[in-house]
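Below: one structure in structure tokens.
Every chain is named by a letter (A, B and C) in the order it is written, and numbering of its residues begins at 1.
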Amino acid sequence: MANYGQAGESMKGGYHARIIATKVIVYIVCIILTIIAILPFVIMVFSASKSRFEINSSYLDWAPKITNSLAVSLLPSGHFIENAKYLLFSKALSLPFGRGFLNSAIIAVGATVLSVYFSALTAYGFAVYRFKLNKPLYAFIMGIQMVPTQVTFISFVEMMFKWHLSNSYIPFILPAIAAPSTVFFLRQYMSSALSVEMVEAGRIDGAGEFGIFNRLVLPILKPGMATMAIFAMVTNWNNFLIPSLLIDKMEMSTVPMLVQKLSGNKYSTEYGAIYFGLTLTAAPLIIFYLLLSKYIIAGVALGGVKE
Amino acid sequence: MASSFKTRAKLEKNHFGYIFIAPFFITYFIFQLVPLIDTFRFAMTDAVAWYLKPNQDISFKGFENFKDVLADPNFRDAFGNTPLMWIMGFIPQIGLALLLASWFTNEKIRVKGQGFFKVIFYMPNIMTATTIGMLFYTFINRNGFIHNFCVSIGYIKDPRYPISSPTFGRSVIAFINFWMWYGQTMIVLIAGIMGINPSFFEAASIDGASGWQTFWKITMPLVRPIMTYSLVTSLIGGFQMFDVPNMFATGSNNSAFSHQITTIVMYIKRVGSTGSMSVSSACAASVYLFIATGICSLVLFWLMSDRAEAKAKRLEKKRAKEAALLEGGDL
Amino acid sequence: MNKLKRVLSGTLALALAASMMTACGNDDSSAGGSNSGTQGGGKDESGKTVVKVYTFTDETQGMLDGFLEDNPEFAEKYTFDITLEATASTYQQKTMSALASDDAPDLFLADADYAKKFAALEQTASLADLGITIKDEEYYSYVLDFTTIKGQRMALSHQAAPGVVLYRRDYAEEVLGSGDPAEVQKHMDTWDHFVETAEAMKEKGYYMIAGIDELKRCFMNNRSSAWVNEDTMEYQLDKETVSQFLEVTKKLADEGCTSDVTPVQWNANWYKGMKDGVFCFFGCSWYLHYTIKPNCLAEVSTGKVDPKTGSQEADEKDYKEGNGSFGKWGIIAGPAPYFWGGTWWYGSKKCLEDGTKDAVKQVIEYFCVNDDSLLKVMQKKGDFTSKPAVNEKLTADPESSTYKFLAGQDWYTIFREAAPNIDTKTTCLYDDEFNTAVDNALTNYITNGMSLDDAIAGIATEVKSNLKDVKFPE
């Protein structure tokens, strides 16, 4: 027994050394990954401050040959305002980013509100009422979770054109009412947060069914709905494929469409302005994310991001 | 008295269930089910885009479109590219996520600043994919810093040439996918590992198992269902890949380069909205995409079904028993 | 949770506020901004009738501004709402879908690559529908043939775009011994001479051309047939010309005579070559004043942007010798005759019904029919018109920047000689799609090591996917 203890002690010494070594490796890897995660954005911001000549032709004498290209990209310059003006006001580019943000916000907020409210309503319907088709219909929702919109986008777009809904936001906002994965998530959430007794109590107080839902149930579901709202917001803000087919007016374009126009504009070689445009589209999301990161990370952990 | 009132109330109110779920099903029917049926319907015809010929006579073609699409080398390329780029990104993604997750949950290492690292690693995931695509495209484009780097290390002998290895385009897309998603997978796996009963780890620790052994013998088998879930949802997502490679292809003036990164959705969009705007062929390709996605989903449901759960539970029990035995033996 | 609420509502408020501010700033520069939401034929807030215009080029805005200045009565009654989309494939899809919608454009424009496609659309009104009468013999025949469907004239172009070669006089002087156009033409009159000149340029450290797509238009216009036979819808390949094109270009690329080994038209390095380092560019009439002249400048009035007009284009005073390569260019016919583009104007069937028919008619007549206005517009731009008689009256003004750009050469002579030779035998509905496929073949052959036969066969494979109405040989 004594022997065993000694072996344990000596093992412990080597063990500690190993833990420290592992720790060092862990931190090195994490720091490298941090750099990889941030570097593209840093280059983007710095390049946004350069004139087209600086982007194309600068060279640093002091930097080693191999790292020169990177070092050049990481050098800020003073043309930020100039690029901003060119991007927003010049005849050649003139992309209405202000309108773009507003348009994306309208779509994102509209779709988010509808999807979260009606998903909660649907989930509540399944959770509280024992109607005949409850189980099969819920199974149906589980099943359709896995059919992504990309499978049907061509005929969806056809249908919208036929209904004269091109250049309208209805095709991006209204369908959000049917969000199977949000229903699924909120149904799960309800099973832990909601008690049937509470609904019964509401009924005894004489509240109507919708009154109970709106006044008693919704407040309880708020945390779960907020989690879903964040992801719905981001997904809809970033939505690109279908808007790019249905919207053709510059002033109705969303942010991702304007990004595409940055590259699609063949008359422009203003890379500084292009980087500025990218920075402009990335900045609000980064701020939004950093402010809400706690909730977003928690939401991801709950498996909420699965579409 | 009270209980009979309750039952009666329930009976009376249960029809409200249909009202509550009606908006969902009406919307689903109009905006998703009808287009889904249309996709199958159009695929059997010779329809072109409605706006090209608003008053066209559509005739039935049977399965001809399906044969044509399958015989089209561009479709086959797209159908090969898409899972290829996905797997090239997914392997490092799940590997790194697993490594980080095991580090971050390791009681002995106790990584400080975990919250910070999680936030940073997840950040690329919420960014607009078109922005990411455009950004990386400017890096590899001529005069971009990656192109210049390849020149300075001699990978590109003549700076007039583009980076044109047949795997380069795919590697870049795969890297972006990896870069955008490993943080997400890591967080999900951490949540999974944290959900494992701590007594397993305690038992292993008392037993003197090394970190490595604990990881392989305890952590891995127990997070396997979560990994499978990640794998299949990621594969389904991978089949829908569009925004980033599309950005590369529109930005790129190297058409052969854009060829190797064409995905199924890009192919569908091209067939349906350019040239002769053959919506019918595009729909036939969509049906293939539907089938591919459907098979993935079925696999997922099969794996996630009670059977898999029961298996995991059995495993858990077995480990617990073993752990208990070991514990006992030690005493 | 409170923080979450605050952030979510704060984000929304910020997004709204930011958009309001920027949207206001934008109103001045985007002419269509104030009319958004009004359909063609509807009234804007000042009671003017809105004419909806779809275009692929930012030139249109300036042209229509000039038109309004010149026609004050028109400007009192109508206002233009212009939608610009510069990417060719996107522009086609957007215009076609808009034409089928309630909110269709009244007036729309097309580039040569898809001019025929647009002429064949169901929603395009013919010139007769619009009440425009023209005398066919007054135009270069290709301008009309291009957009004639079943004997009906569907559109008109204000330009003819004969192809030429623009070259650097200073490099020619140094390498070939003379910068004179007649002398230089002798070194560029056949493809063999062209390659020899390229090699000589290389010796002195100059690139002959910019990218590998530079010669595409010139070769493609000299095929014996169009890609698609219009009657039978069969795919036709002039393998000899296409192979010659690929081989000549590969030779130039391999020997280091191109500045880039990618297609670079409309990309940064193309413009860079105009400033320095590249000997010649294959351009045309509009290209001269619209593309190469402004882009040869190294500096543009310190890049100041006027937020009111949003102009960062070169100012007249920037056009002076010593700024980039300005004043060092010459113009010759080159190895083979060809053409490049044109801008066709179409009225939609919508304009016949919504009360903008007269407006559309007036605009098209102003730019494409009336000799006086056509002459005035094109003389000012330094462009070349679709009517030979008007072109006779165009004179190179020694005071103009284009004249100085070409070191005093009269470019009209060369255009007048080239224009009547243009024909439409090499054009089809799907030229835009085929041009992309040819780029593909180029890259495959030159940088991806594919064999010549495979690269050429790849053209059909490439377009087969989205050209379902074309018959390809098995």
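As a convention for this text, a residue touches a chain if its C-beta (ideal position, glycine included) is under 8 Å from a C-beta of that chain, and two chains touch if they have at least 3 such contacts.
Treat the numbers as computed from the prediction; the structure is a model and nothing was measured.
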Chain pair with the higher count of C-beta pairs in contact (A-C, B-C): A-C
Farthest chain (mean CA position) relative to chain A: C
Whole-Å gap between the CA centroids of chain A and chain B: 15
Whole-Å separation of chain centres (CA-atom averages), chain A against chain C: 39
Multi-chain contact residues (two or more partners), chain A: 56, 161, 245, 264, 271
Of all residues in chain C, the ones touching two or more other chains: 87, 93, 97, 100-101, 267-268
Where chain B touches two or more other chains, by residue: 49-51, 143, 250, 273
Touch list for chain B against partner chain A, complex: 6, 9-10, 13-21, 23-25, 27-28, 30-32, 34-36, 38-39, 42, 49-51, 96, 99-100, 103, 108-109, 111, 113, 115, 117-132, 134-139, 143, 145-146, 148-149, 152-153, 179, 183-184, 187-188, 190-191, 208, 211, 229, 233, 236-237, 240, 242-243, 247, 250-251, 265, 268-269, 272-273, 279, 282-283, 286, 289-290, 293-294, 296-297, 300
Contacting residues of chain A [partner chain B, same complex]: 8, 11, 19, 22-23, 26-27, 29-30, 33-34, 36-38, 40, 43-44, 47, 55-56, 65-66, 68-70, 72-73, 118-119, 121-122, 124-126, 128-131, 133-134, 137, 141, 143-144, 146-159, 161-162, 171, 174-175, 177-178, 180, 183, 200, 203, 209, 213, 234, 237-238, 240-241, 245, 255-257, 259-260, 262-264, 271, 274-275, 278, 281-282, 285-286, 289-290, 293, 296-297, 300-303, 305-307
For the chain A and chain C complex, residues of the former touching the latter: 51-52, 56, 82, 85-86, 88-92, 94, 96-102, 104-105, 109, 161, 164, 166-167, 222-223, 226, 229-230, 233, 245, 248-252, 264-267, 269, 271, 284, 288, 291-292, 295
Residues of chain C defined as touching chain A within the complex: 1, 3-5, 7-8, 11-12, 14-16, 18-23, 25-26, 29-30, 32-33, 36, 58, 61, 83-87, 90, 93-95, 97-98, 100-103, 266-268, 271-272, 303, 305, 307, 309-313
Interface residues, chain C side, partner chain B - complex: 87, 89, 92-93, 96-97, 99-101, 121-122, 211, 253, 256, 258-265, 267-269, 430, 433, 436, 439-440, 443-444, 447-448, 461-470
